[in-house]
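To keep things simple, chains are lettered A, B, C and D as they appear, and every chain counts its residues starting from 1.
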Amino acid sequence: MSRDQPEPTVRDVSDWWATSVSRVEPDRIELRGHPVQDLIGSMSFAGIIWLMLRGETATPGQERLLEAALVSSVDHGPHAPSIAVARMAATCGIGLNNAVATGVNLLGDVHGGAGEQCMALLDDVRRLHRDGVGLAVAAETTVASWRARSRYLPGFGHRFHSVDPRRDPLLGQVERAVADRVVDGSYLRAAHAVERVLAEGRARPVPINIDGCTAVVYAELGFPPPLARGLFVLSRSVGILAHAWEETGQGRRNKGPMPPSILPTFTDGA
Amino acid sequence: MSRDQPEPTVRDVSDWWATSVSRVEPDRIELRGHPVQDLIGSMSFAGIIWLMLRGETATPGQERLLEAALVSSVDHGPHAPSIAVARMAATCGIGLNNAVATGVNLLGDVHGGAGEQCMALLDDVRRLHRDGVGLAVAAETTVASWRARSRYLPGFGHRFHSVDPRRDPLLGQVERAVADRVVDGSYLRAAHAVERVLAEGRARPVPINIDGCTAVVYAELGFPPPLARGLFVLSRSVGILAHAWEETGQGRRNKGPMPPSILPTFTDGA
Amino acid sequence: MSRDQPEPTVRDVSDWWATSVSRVEPDRIELRGHPVQDLIGSMSFAGIIWLMLRGETATPGQERLLEAALVSSVDHGPHAPSIAVARMAATCGIGLNNAVATGVNLLGDVHGGAGEQCMALLDDVRRLHRDGVGLAVAAETTVASWRARSRYLPGFGHRFHSVDPRRDPLLGQVERAVADRVVDGSYLRAAHAVERVLAEGRARPVPINIDGCTAVVYAELGFPPPLARGLFVLSRSVGILAHAWEETGQGRRNKGPMPPSILPTFTDGA
Amino acid sequence: MSRDQPEPTVRDVSDWWATSVSRVEPDRIELRGHPVQDLIGSMSFAGIIWLMLRGETATPGQERLLEAALVSSVDHGPHAPSIAVARMAATCGIGLNNAVATGVNLLGDVHGGAGEQCMALLDDVRRLHRDGVGLAVAAETTVASWRARSRYLPGFGHRFHSVDPRRDPLLGQVERAVADRVVDGSYLRAAHAVERVLAEGRARPVPINIDGCTAVVYAELGFPPPLARGLFVLSRSVGILAHAWEETGQGRRNKGPMPPSILPTFTDGA
């Protein structure tokens, strides 16, 4: 920035925006090195998600497992903040893309970040185990250490479901992928070990929830933890869009969280 | 809202958020009437997109065609505003979901809305033709009428490509779907008729672009025009995420549009 | 873009981002031509808003009137979608800036755009009147013409208040500014004329609402209509921030629109 | 949530949205307990910001100091990511509010969060000093401890300015407020002590920057650290709006980070 630096060039500018994700020239578009015309018609939507994020092509087994996780978390009803705000946004006279963006903006550390954090937790278990600690002890130690930091154990338990209906089918897909040698199963074993620790001496177990199940999938598939949130964003965008679109068709204007009939009383408690 | 209305009830509140998209009860999640466990492992990601937006299950032919369109528009490089802002956002210390939301927020009438507008244009051609006007005249009349309103004809021509490399493979998929009786081809024929009008007496033709091609796909598949933008949002979110994630790995902070070396001169022209 | 265009230069790049709003060089910041150090301590926050948007300095009378409008619309309670979504966002583990952005994103054509539309309506009345039509007839004609297009008359009536408590003090400020010759009062007179048209033969009049009052202020002060929404954004951001911040202090996580106790029943109606 | 909980009531719903920020009933609006009509015309925009965030009325001295900080950070040119993305957003066919939201969304930990972090740093200095450590040693200890954690010391140094032109006038306002007994000056003294530590044995000092200066102001005025970012959001929104509005007037469509003439070369480096 100082005045005696070499003169900047146009090349400096184009380098500033260099990328290995895509290459666009007149009459030519490459995605991760593949001409786009080679992908259209031959690659699935889940397949291009893998290609764009990983830089290489998924095997059929990897793609099937990714697909299962993406399907599982598209929606959790309009009481989920991401869905509710998108529906409200859709009544305020903004574009459908703005309504979707509003919902996606809420998928933060608390709403969408549990998968990312759960991957870190499972990594702790695996690391201890790889260093020679038995799996049960590795899980117990990790749970104790995480509990000391926070009362929420990311990926386990649900405020709503006793057993999340998405748990069994999703973990079943992971088991199948282990049997097919698509993934090695170490994150799955770590998750089960944590579940056992949480079930000990409890009337009500604390089973792995959807964030935990998808964390297992994404970790087994080799995605780095922040992409657990990224993939959740792609998945939940589908539900956000479906709800925003349904709301659009209902014609409400400026939809608030409660029906207008309740408004007059609502600040009494303040 | 007046004071002599009947007392509001809790049922009024739950009705305020009623939806036919999903149903969530303890230990039970239904998406468009399907228990989620029946979908995980058996449905593709494109399939669940169709189900959530349409309320029914796609046929394999419909799903293949939808998939081709979703794959085609994931990315158009970092000079696309949606991609550029997501990369800049990723350097500002916000969540990956916030960076994606920033990009999606830009997919408005000008950036992502051309497909929606092109569907309306093609509908005009089809309507005239259905009323007995020859296809060539229907296209000519429609182009003249749209040209009178705006100098941009949505879905045709590109500031960058002479022929968009995504045009042929995508329209090829539509042709195949027509041959397989998945769709009836009336939007495809309307688009070709418009292309011919735009080529007449011109040195440089104005071929259908990616917005136009995807508009043909989504219209043939029976999606209402606003969902052309909605589906573009789902598709482009993949590229936005891939770019934001790549930028995250490069460690820049507060990335501006130009390299810092160019800053000192840039307001001279103001 | 063709290959025989002249080589681009660095100057092309800096020109691409040229602006007359601000000038930033090492050790020097100018806002609309004023060194920033001359503004700090001498200019009010409302004053800098005027300077940045208009390019020149407000008179004390202009600033006082702008200030009254900015104060009037900071908040309308948590049933306003913009406020509700910001509160929900604040519980999802995203930054306070992301929560504010979420709220601002909802201030669209329906939620924040009425002021902009009302300025256009009042302009129609003024134009007819300037062309020699009596004010009452000009108002009647304009109302009839707008009513033909939409059942909402922007800036008049409120679904909640019979007389908006902000109406009298805000219009009182405009009257004072007319008396002080700060503004000429033509928009105020147009608004009163519309109110009279709407009161004729009605049990319940349809008085000018807050969007209409602020539209009168901003129009009298010479702001173009889109900035009516822009100024509303600056004003409402204050309430959005205050609510998001209060919610942050309450420690909820993933706040939905209804208390969790109501969730199990809420999709019954779907 | 379990099925044997007491039936939820409408009161539960209104309590869910209870707030002490504002109270809205038919024909009545109170902001922090003040009828809105008492504020319009008598309170400045900076004054209502204080009232809404703090719950009480500012003294004239407090208001003047807050105003100086709000004025100082409205804009830092279009190379600031928040400004650049808002300008790009304004060319994509979305509302002016959506363009502002896009810019505000970027004011995260790295772009807007330094003030918040700097308040924590200055608090560390003050705490040590209050515990009996000399101010110079308290500053030195704190700097060493922060340096061990990160190579960025929030609030000090600028990649662009050697001395930020906003530093002297803003700290001058704090000194005046100390002289007037509006604030006690302990954060100002802590900041100066840190500056001295950073100047020792250096050719180029690392003076307090705008984030640091505003942190001093907000801390002296008793705002909690997260509101340093909140107030920065309100201030920078002014510049974001002014730039988005200017861009709107220039008629570009889909503005990318570089002029189109540079596009063909730009991915060469990828």
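By definition in this document, contacts are C-beta pairs under 8 Å (C-beta built on N, C-alpha and C of every residue); 3 or more make two chains touch, one makes a residue touch a chain.
Keep in mind that what you see is a predicted model, and the values were worked out from it rather than measured.
Novice: Count the smallest number of chain-to-chain hops linking chain B with chain C, moving only between touching chains.
Specialist: Minimal hop count between chain B and chain C: 1.
Novice: Using only Cα atoms to place each chain's centre, name the chain farthest from chain A.
Specialist: Most distant chain from chain A: C.
Novice: With chain centres defined as C-alpha means, what is the inter-centre distance between chain A and chain D in Å?
Specialist: Computed value for the inter-centroid distance: 30 Å.
Novice: Report the inter-centroid distance (CA atoms only) between chain A and chain B in whole Å.
Specialist: From the centre of chain A to the centre of chain B is 22 Å.
Novice: Report the inter-chain centroid distance for chain B and chain D in whole angstrom, where each centroid is the mean of the CA atoms.
Specialist: The computed centroid separation for chain B versus chain D comes out at 36 Å.
Novice: Where in chain C do residues touch two or more other chains at once?
Specialist: Where chain C meets two or more other chains at a single residue, that happens at 1, 8, 10, 12-13, 15, 17, 19-20, 22-24, 26, 77-79, 84, 93-95, 97-98, 101-102, 105-109, 112-113, 159-160, 257-258, 260, 262-264, 266-267.
Novice: Going by the contact rule at the top, pick out the chain D residues touching chain C in the complex.
Specialist: Chain D residues touching chain C: 1, 3, 5, 8, 12-13, 15-17, 19-24, 26-29, 31, 35-37, 39-41, 43-49, 52-53, 64, 67-68, 70-72, 74-79, 84, 87, 95-98, 100-102, 104-109, 112-113, 160-166, 168-170, 172-173, 226-227, 229-230, 233-235, 237-239, 241-246, 248, 258-264.
Novice: What residues of chain A sit close enough to touch chain D in their complex?
Specialist: 1, 10-11, 13-15, 17-20, 22-26, 93-95, 97-98, 105, 159-160, 257-258, 262-270
Novice: Give every residue of chain C touching chain A within the complex, in rising order.
Specialist: Against chain A, the touching part of chain C is residues 1, 7-10, 12-13, 26, 77-82, 84-85, 88-89, 91-94, 98, 101-102, 105-113, 159-160, 253-258, 260, 263, 266-267.
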